[in-house]
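So, here's a batch of structures to check.
One chain, chain A, appears in both complexes that follow, with chain B as partner in the first and chain C in the second.
On to the complex of A and B.
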């Protein structure tokens, strides 16, 4: 491993599986002996739960609130495979400014020299769904991360959110912000789901780093407070996460995506609506639907 | 309005501070409240929440709760006014809830949303005035002789208090009473009488929203003299708006004529036909320029407006500049700025032989009213003092450039 860590940001619509997928990627990398930091950038502070069996971990912002003298030990814990788990945290829902919280937390971590002292191979930022304000874009701005992976399913609202994230990426990338590593297709069920995500990737000049099917083993592992890698290491789902982790680790091909305009996105969705209708009514075969 | 007067927050705080019964509490970062104290020299220190990073991230409501409690213990007032700066508004602190909670403890309080992003000091003045009206509004008991004066924003003009007193005196002379809403004699009782006043006078354009607001609610009319009432002419204008007796204005006219006649020799020797520049806010600058041109026979060279931006429509000023520019065959230059260095540069190039400025310098100014005959006398005195230092008209052939 080189001594310069690969810094990865994971974005995607709320509830799409960012934390689950990120934690499994971290676990898969750690399993191979890599030094990994996972930072949850979400006021919910639930990103690293399955890496550390759901144990209590004070958030970075809690410590900012309580005292001015913060040490790394107070705001981090070692999880599965030695992954350094950190949660940015934030205000209770409905008050304060979570976006400012994210930037303050990232700033503090930089001040604490976490990224140099821990000497990680990988740093993963699991960032809250929609980039609602500038604060949530901090992890993809100048120098904080190298690349972004956007998680989406084949549902239109997830693709819609991914397209919005592409807009944020294409805004910051030219001035030194993170570039797109690719899409991660998650929770795929329907046979045509993969085609939809592939087609969206093709239309926006991006690529798909991996396909993760929807599987009950994910929920089951989560109930034990563990990642799939830890709870069911020999399952096919665990292998899928390992493959995904390896793809991400090896990928150096980062791009600036071209998000679709509002009208183009609508037309694109409508086109797929027609295809799925035909497909569900047995009018065409799966592959003709492209 | 620009930096000289701060933003909406400062306009609101200034407005509230001019009502002794009211205690403004700034819910803002330290700089926002410090700014006001600083530009006043000694100034008034006001309670402030001194918002920090953690109040932004986690919300600043509980900090405000604490400050309200502290303020109530330290300073006595009839009404505590929480004025919010940008940070609290952007974060969306629930200031209403804090104020309600505080009111529950038996004290009167109001939340006034005046973040700088809402505009300049005049926007803050309007916001604060309307909030105070909301707190004090009472059923009108028509008083045909009572006048509310709007548009003199406390502290944004160094002569503001002197002007309010001068106006009160003049209205008393013509049989009316000014409802004292700002300054040491102001009270919330007077604010409760706002609805009863038959006349809402907007003395400058900054007072129009307030005057109209009140007039609409009580079914009256907002009146405005148009030109700021400087000189005897201004006194006539106010009397005619109200249909009041003009005897006082006539007396002022005789006095000014007398004063002028007494200075005639000096005037012809040193003053006549000099070029001049005016530095002031839009209302007073235009009134002074008109007075100096039409009554004193001077030639306008340039006007510096300190409370407006270039884009703001000030048709009367534009008309004045165009008319006199055409008459003299050279433009009357206008500058919209409140930056000292910029004004100095401009005047170095376009300044007249005489420059009348009422921008407050380092020392506090107490008496600088521009209203009425006294305002005209002061202006003449200022012109005479500067002219005294210029070469005599009779001895030197002046270079007609």
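On to the complex of A and C.
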């Protein structure tokens, strides 16, 4: 590995599987001997839970404001495979401003020289939900990360959120912001789900880095407080996460996506609605549908 | 609703206009007075400082508050916001903006309460608190209960509207007064013949402007040289001023402390006497014009104050000519008419 770490941001609609997928990618990379930092950028502070068996970890923001001299040891812990786990943290629900919290936490991590001192091969930022305000765009701005992966399912609202994230990426990329590494299709169940995500990627000048099916083994591992990589290392699902991690590690082809306009996105969705209707009513086979 | 409706919406308030009073009267009669655009605006007082000023005024019935008044004003915002004129501030930091500012507010209310035992405490909010939607009402309600004094929130934002006058309504609402009630300005004193042959420029909000125009013209025989209204709205006071100016064939200028515009208008009007509030009085005094500052002169003392100012008009002139008094604008800038920067609203 070269000494310059690959800095990756993971975004996607709320609840789409960002933390689960990010943790499994981190675990897969660490398993191969890489030095990995995973930073949860979410006031819930639950990004790295499955890497550290759900044990208590003070957040960056709690620590900044509890003591004047914060050390890396105070705000991090080593999880599975030695992954350095950090949670930015933030206000309790309903008060303050979580977005400004993200930018303050990232600033502190830079001041602490975490990225140089730990000498990681990979840094993964798991960022809350949609980009709702400027603060949540901090990880993709001004060179903090190199590339963004956007997680989506084939559900329209997830694709809609991905399209909005593409807008944020295309806004910041020209001035040194992160570029798109690709989409990660998660929780695929229906046979046509893959086709929908592929088609959205094609329409927006992006690509799909991996397809992760919905599987009960994910939930089961989570209940043990572990990633799939740790809890069920021999399962096909673990292999899927390893393949995804390898694709991301090898990928150097970053792009500026072309998000769809509101009308185009609506037409696109309607088109798929018609296809799925025909398919569900046995009017066509899966492959004729596209 | 803790927040009274904006005057812009409720009263069709505008803060920029220069031109025929008839046209503006027509717009108000038709119910569609349009805010003009200012292509060059000087920063002026905002609703937060105006609310604080009003809080100081109301409890003491019109006079600026004395320390004997048993209320304290906390400005709930970052350090610099205490410039709005409160007695203390919560000095919010970045931490508070991220994690919420409730704790600081509670602590400051307790501190002020213990230090000076006021009969009531006003909590005046600022943009940071408004943007984060920090909960101020619960804190005020709880501490009202536990401390046994009124803790009254004044929910100013500093950015919801253009006119500082809204601050008055916020202050009145906090005190449980009717925010929408029209406040009748007291008459200013007059003396027959006192201002005969004198040209008087008046720069005041509509209610006060109407009262002082009456005292100057019909009361004391003076001539109105020009009027700058701090704002215009659909109240009777605005209508009265506009009709009067129409009768005199004078244009009306609507501006909230726009020093540059006022300077240009005063340069061409050349009045003998200027009647206005502190900020505008400073502008007129720089030009060597004798002034009555109605912010410090009570209305019943107006006639005496006008007589004194005119009697010592050399003082104002010498002040303006003093070597230490720098020119505010280049001569070229002063060749522009006063309404130069006020344009009909351009839709972008």
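Things worth noting here:
Just so we're on the same page, the second predicted complex is superposed on the first by the 290 of 290 C-alpha atoms of A that agree within 3 Å, B and C clash if a C-alpha of one lies under 4 Å from a C-alpha of the other, contacts with A are read in each partner's own complex, and residues count from 1 in each chain.
Here is the rule we go by: contacts are C-beta pairs under 8 Å (C-beta built on N, C-alpha and C of every residue); 3 or more make two chains touch, one makes a residue touch a chain.
Predicted, not measured: the structure shown is a model, and the values here were computed from it.
In the model built by aligning both structures on chain A, chain B clashes with chain C.
In the overlay built on the shared chain, the residue A:244 is in contact with neither chain B nor chain C. In the superposed model, A:184 makes contact with neither chain B nor chain C. When the two complexes are overlaid on their common chain A, residue A:9 makes contact with neither chain B nor chain C. Residue overlap on chain A between its contacts with chain B in one complex and with chain C in the other: 61, 64-65, 90-92, 95-98, 100-101, 104.
Interface residues of chain C facing chain A in the complex, by the touch rule stated above, are 94-102, 131-132, 134-135. Across the complex, chain B meets chain A through its residues 53-61, 90-94. Chain contact summary for the complex, chain A toward chain C: residues 61, 64-65, 90-92, 94-98, 100-101, 104.
Listed in rising order, the residues of chain A touching chain B in the complex are 61, 64-65, 90-92, 95-98, 100-101, 104.
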